[in-house]
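Next come two complexes, and both contain chain A; in the first it sits with chain B, in the second with chain C.
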Partner chain A sequence: MIRYLIGRVGQALLVLMVTFTAAFLLLQALPGDAIMIKFMSPDMALSADQIAEIRAAYGADLPIWERYFNTLANFLTGNFGYSIQAGVPVSQQLRVNLPPTLQLASLGFLAAIILTITIAALSNIVGMAWLRSAIQSMPSLFISVPVFWLGIMLIQVFSFQLGLVSVISPGPVERLILPVLTLAIPISAPLSQILMRNIDEVLAQPFVAVAKAKGASHTWVLWRHVARNAVLPTLTIAGVLFGELLAGAVVTEAVYGLNGLGGLTNQAVGNHDTAVLQAIVVISALAFVSINLVVDLLYPVLDPRLGSKLGMTA
Partner chain B sequence: MTTEASGPDIDAIDGAQPGWVAWLRRVPVTLALAWLVVFIVLLWAVAPGLFTSYSGTVGVPGEQLRPPSLEHVLGTDGLGRDLYARIVYGAVHSLSGAFVAVTVGLLSGTLLGLVAGARGGWTDATIMRLVDSMLAVPSLLLSLSIIVLLGFGTVEVAIAVGAVSVARFARLARSEVIRVRRSDYVEAAFGSGGTFWAVLWRHILPNSLTSVIALAALQFGSAILAISTLGFLGYGAPPPTPEWGLLIAEGRNYLSRAWWLTAAPGLVVVLVVLAADRISKAIGKTAP
Partner chain C sequence: MTALLLEIDDLAISYKVGDHHQRVVHGVSFHIDRGEVVALVGESGSGKTTTAQAVLGLLAGNGRVEQGAIRLNGTDIAHWPQKRLDTIRGAVVSLIPQDPGSSLNPVRTIGAQVAEVLQIHGRGDRRAIRARTLDLLTRVGLVPAEMRADQYPHELSGGMKQRVLIAIAVALKPDLIVADEPTSALDVTVQRVILDLIDELRRENGTAVLLVTHDLGVAADRASRLVVLQGGRIQEQGAVRDVLASPQSAYTRRLLSDAPSLTKARPARRASGGGEDFAIVVEGLTHDFPVGGAAKTFRALEDVSFKVRRGTTHAIVGESGSGKTTTVRGVVGFLKPTAGRILIDGEDMTTLKGEALRQFRRNIQLVYQNPFGSLDPRQTIAQIVEEPLLNFAPPPKPERAKKVADMLHRVGLPESFLGRHPRALSGGQRQRVAIARALVLDPRVLVLDEAVSALDVTVQAQILALLDELQKALGLTYLFVSHDLAVVQQISDTVSVMYKGRQVDGGPVDTVFARPDSDYTRELIDAIPGRKAPMLALSTASVRG
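Showing the complex of A and B:
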């Protein structure tokens, strides 16, 4: 068990290091020099010496391996460098932009869970076959819809056609309704696909037949016996879902003009502000790897059947 | 090219339908519709002039923001351009972008996976850690990082989208190779003196192909989604290119007055992606 633990943590760290290195090579070492883009422009009217001085101040004139280890040491201490375009530390930009995105993402996640449970429950309770198959095909539809288009359509329908959500100076809650929905619908798609498949699998198990033979109703079996067993495997896609939430937030914030990590990412891409982008990439990889690690380690605890299997092999 | 008029064949004598009718009947309606959607959009890309007499980039003065009518099936935009024509002319941008993306992902991903699965050991471990770290970053962020490196434009966006799918193809190809490798006939091929690359090419690759093609079809749909997203964010082809994501972005400025400008191109994207998804599922079912 200890060996499994060490191996698993080591693998996570290795993936993080590879991601950091790849992000560094992709964004810092290769062309697309943000300092040049900002300070070489004619209206800045800087001499070559002054530019060289600025490059030295940012540490851009050092050899690549020295910059690599400097950046790595800085990242380990929580220093993500300077945004060339804004002229402030990246960590400061993150502090400002992370909270609104986290709020949007967690509300979107919550809404997605509610939506998922509704879809999965309806697809098992509704009696009419045509309606049931319509509900069951909803996740495939949700996956095929571009997030940005979904957001625009929601504005179109709820703000302009029905007049339900105000576009001009909405309240703090009203402002979040449509973005949260935009984020939730595509996230709910893979979740409900997995949940519905698991429910089908669990329903085929012998203990369900026993419960039914004892006279339990379909709904009772579903909630009391099936739900718990079917929900657990959805944990395995938690890490992927986090990435989807983050990517969804980038697009959603662009559609609704909200401030946050998404806006920061878009600005960074537009300005070739690679330090900002590298920080965002590495942080999101860190979150993904940690979530997966926690799920992997927690899973045997939540499902004792798996724990005993692991104990035997490890 | 039908066999109906060519005299009684064996099927007809039996009172059964000719083989191709029976075959057609077995194709599910949704799958047939999916192929139809793909076929039409492909025709749009190859010969847009056959489908519309309007220009995809030049507007008619005085015909701005007309709602859908018989004259303009999907209405016109703020510069008097026929929206249907713009969607038809835009097909080539979205489709070729998706094609480039899938090709990039398929070739490099499959190669990586094949080598990892066939070589094993250190090669395998190194390639798979690289793949893992690609999967650790959200695909949109990965695409954006590559766009920063390559610059903006249609081809750049296509490559960035394709690079994201490299990891998926690599994983699939590797697991397929490992599956096929264990089979007796591959053992036999090695035993009868086949070299590593010969066995890979003659035996392992053909047997892994069906699942890879199913994934390629699925990725084609995802690529169209991703390309339209990046186009919407403004990293793809510059306006007046009628790329689908860009059409939706432009339509956003007329949200309160012209709903068709955003609704129509988005629906086309959804239909194409749904079709790719359906076709991918059908191919996947035939995999061993």
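Showing the complex of A and C:
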């Protein structure tokens, strides 16, 4: 078990390292940089010497490998450098922008899971055939809806037509309802498709017939036998979809005009603010890697077969 | 209380396929008295499992009872809704399923799964249920019950899992147990123990058993009456003794004569004496598998030696874990043994590697157990049979086509099959294709790995006859791996009995079967189903005559 743990954590660290390096190289390869954009504009009227001085102050004149190791060393000590455009430490920008995005993403993820379970459960419990097939076709509908369009449609319907959610100075909870939904719906689509398919597969297993032969009702069989077996493969996909969630959060924030990592990313890309982008990429990777690490560690807890296999090799 | 427990009256069942309903059971009628064992015998597609599922109300979603009644204790339950059936399932009628491996929920402890049937029917509080669960586990021989209850299915062997399922089935002392091929997935010695256990428990509780099986030997040993099904219709029913002694229908007679365990009249094998021309010589074969990451190893084979004369059949017999598969993989060159030599036509396989080994492999071909999994579903029969030729300096196309057609003819399939896909073929036909594919390279040795185990008895008999014919015509040497002693007795000249990686018995089949050296072989022979059948001699005589 401990070996498994060390292996997984090691893999996660390796992924982070590779992401850091790749992001660094790609960002350096971009033509132009933030210093040029900010200080070389004619309005500033700075001389070439002054600009060279600024470059030296930011460490931008050093050779690339030296800058790489400097940045790496800084990241390891929690120093993400300075945003050239805003002139403040990146960590300060993150402190402001990260929490709302994290809140949005985790609420969206939670809502997606609730939606998934609801759809999958209803499609197996509802008796009426037409209603059941309507529920079963919902995921395919959800999956084909783009986030930006969905966001606008939700505002249109719930805010302007039904007047249920106010758009002008909404409360802290009210503000989040529509963005969370916008984020959750496209994520729930592939999840519920996979979960429903797994449920069908598990229902065909002989142990389900045995459970029925014990006199168990359909609902009993679903909750006590099918659920845990069907959730196992869905878990992996949920981890992978977390990446989608981060990308979705950026768009969602733009649609609803929310502060967060989305806006920050947008600005940073426009201004070639390498330090900010580097930090955002690494933080996204960290979130992604941690979620998948959690999924990997949950597996042996949920599936006793894995647990004992690991116990043997440990 | 009357003696009549279950009465199936003119039962017809259909499955919805596309838009129409296809009948698979046509007007079946039979009955079971209290405490009686009735065997429902038939081959795949006979409707025996469908009939059994209907008794439990567990037909697949697209199946339905079209006509007739299933009267349990005098009440027709054929059209009861599921909710109502839930009240009797587990309590009045219960199930012992076919495949213990997949019949237990992998993520719940076995204690929880035994307790479940008591919970569903509300038999006592948590503590009472726990106590009863432990009692049941002890009763079926899973001791110490405290420890077993907390284990998961994957920690148990196949036989132990079947014991758990039996505990579940008898927990509420039902009137009827439907046992659907309860032992076909188990080794022969385990099979006997499990059937004995079912017998014992049913006597204790006065439970009746509907025993669904393809194995006439098992049916003859365990049931008092036989119901023979074919194509969804009853061919014959009656007391076991009468049916075996004087079968009325031609189909039953064919089943009896094809069942290897009931037929002792085996075709005389060629004299195995004389001649020192050995096609296969295995000497001191030993193999260790590494276990885990450490330097620990597991000895799968220890000092196995045997010789096979050219043109004869050598059988390797053993249960799962006995090392028979490892031996075969060595002979085919799929693994390099830790020690020992394997000579094929005098050449030492174990020293060959790379291209030389690949070229040598054409002399030894394999036919696998599962005729459904071993053929690529996307290839046509012609492509499947042709493929081996393409791997070894292929002759020109017309010549290849002719060879493929010849081979198909040789295994008794019409040329019209060339363009078909495996899914259009039956299990027996597929196995013929697999044999044709193996023979197309003109090998000298054919390794048959449980090649007839997955087939129905009549098909099995046909394939065995085909193998015999091919051996005579082509002078082939067979290495025949099987767990079925009855088949082995019928087809092979010499035999190695394997147990836990060692060869515990070996030599000519007749000698080994008549005077086994080891207790294990004796146990194996005793476990062959059908030996208790009282009318064996008679039925054999009628086959001969």
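Basically, the second predicted complex is superposed on the first by the 287 of 314 C-alpha atoms of A that agree within 3 Å, B and C clash if a C-alpha of one lies under 4 Å from a C-alpha of the other, contacts with A are read in each partner's own complex, and residues count from 1 in each chain.
Going forward, a contact is a pair of C-beta atoms (placed from the backbone, for glycine too) under 8 Å apart; a residue touches a chain by one contact, two chains touch by 3 or more.
Just so it is clear, the structure is predicted and the values come from calculations on it, not from any experiment.
*Asks:* So in the superposed three-chain picture, is A:191 touching just chain B, just chain C, both, or none of them (first/second/both/neither)?
*Replies:* A:191 contacts neither chain B nor chain C.
*Asks:* When the two structures are overlaid on chain A, which partner does A:229 contact: first (chain B), second (chain C), both, or neither?
*Replies:* It touches chain C, and chain B stays clear.
*Asks:* Looking only at chain A, is it chain B or chain C that touches more of its residues?
*Replies:* The partner with more contacted residues on chain A is B.
*Asks:* What is the contact status of A:254 with respect to chain B (first) and chain C (second): first, second, both, or neither?
*Replies:* The answer is first: A:254 touches chain B but not chain C.
*Asks:* Which holds for A:22: it touches chain B only (first), chain C only (second), both, or neither?
*Replies:* In the superposition, A:22 contacts chain B only.
*Asks:* Of the partners chain B and chain C, which touch A:269 in the superposed model: first, second, both, neither?
*Replies:* first
*Asks:* Give one of first, second, both or neither to describe whether A:218 is in contact with chain B, with chain C, with both, or with none.
*Replies:* Second partner only, chain C.
*Asks:* For A:209 in the superposed arrangement: first (chain B), second (chain C), both or neither?
*Replies:* second
*Asks:* Based on the A-chain superposition described above, do chain B and chain C contact any of the same residues on chain A, and if so which?
*Replies:* After superposing on chain A, no chain A residue contacts both chain B and chain C.
*Asks:* Tell me, which parts of chain C touch chain A in their complex?
*Replies:* Residues 56, 58, 82-83, 86-91, 93-95, 97-99, 102-108, 116-117, 120-121, 152, 154-155, 165, 168, 292-293.
*Asks:* Considering the complex alone, what residue numbers of chain B touch chain A?
*Replies:* My answer: residues 129-130, 132-134, 136-142, 144-149, 151, 221, 225, 228-229, 232-235, 245, 248, 251-252, 255-256, 259, 262-263, 266, 269-270, 273-274, 277.
*Asks:* Of all residues in chain A, which touch chain C in the complex?
*Replies:* Going by the criterion above, the answer is residues 205-207, 209-218, 220, 224-225, 228-229, 302-305, 308, 312-313.
*Asks:* So in the complex, the part of chain A that touches chain B is made up of which residues?
*Replies:* 14-16, 18-19, 22-23, 26-27, 30-32, 140-141, 143-149, 152-153, 155-156, 160-161, 243-244, 246-247, 250-251, 254, 265-266, 268-270, 272, 274, 277, 280-281, 284-285, 288-289
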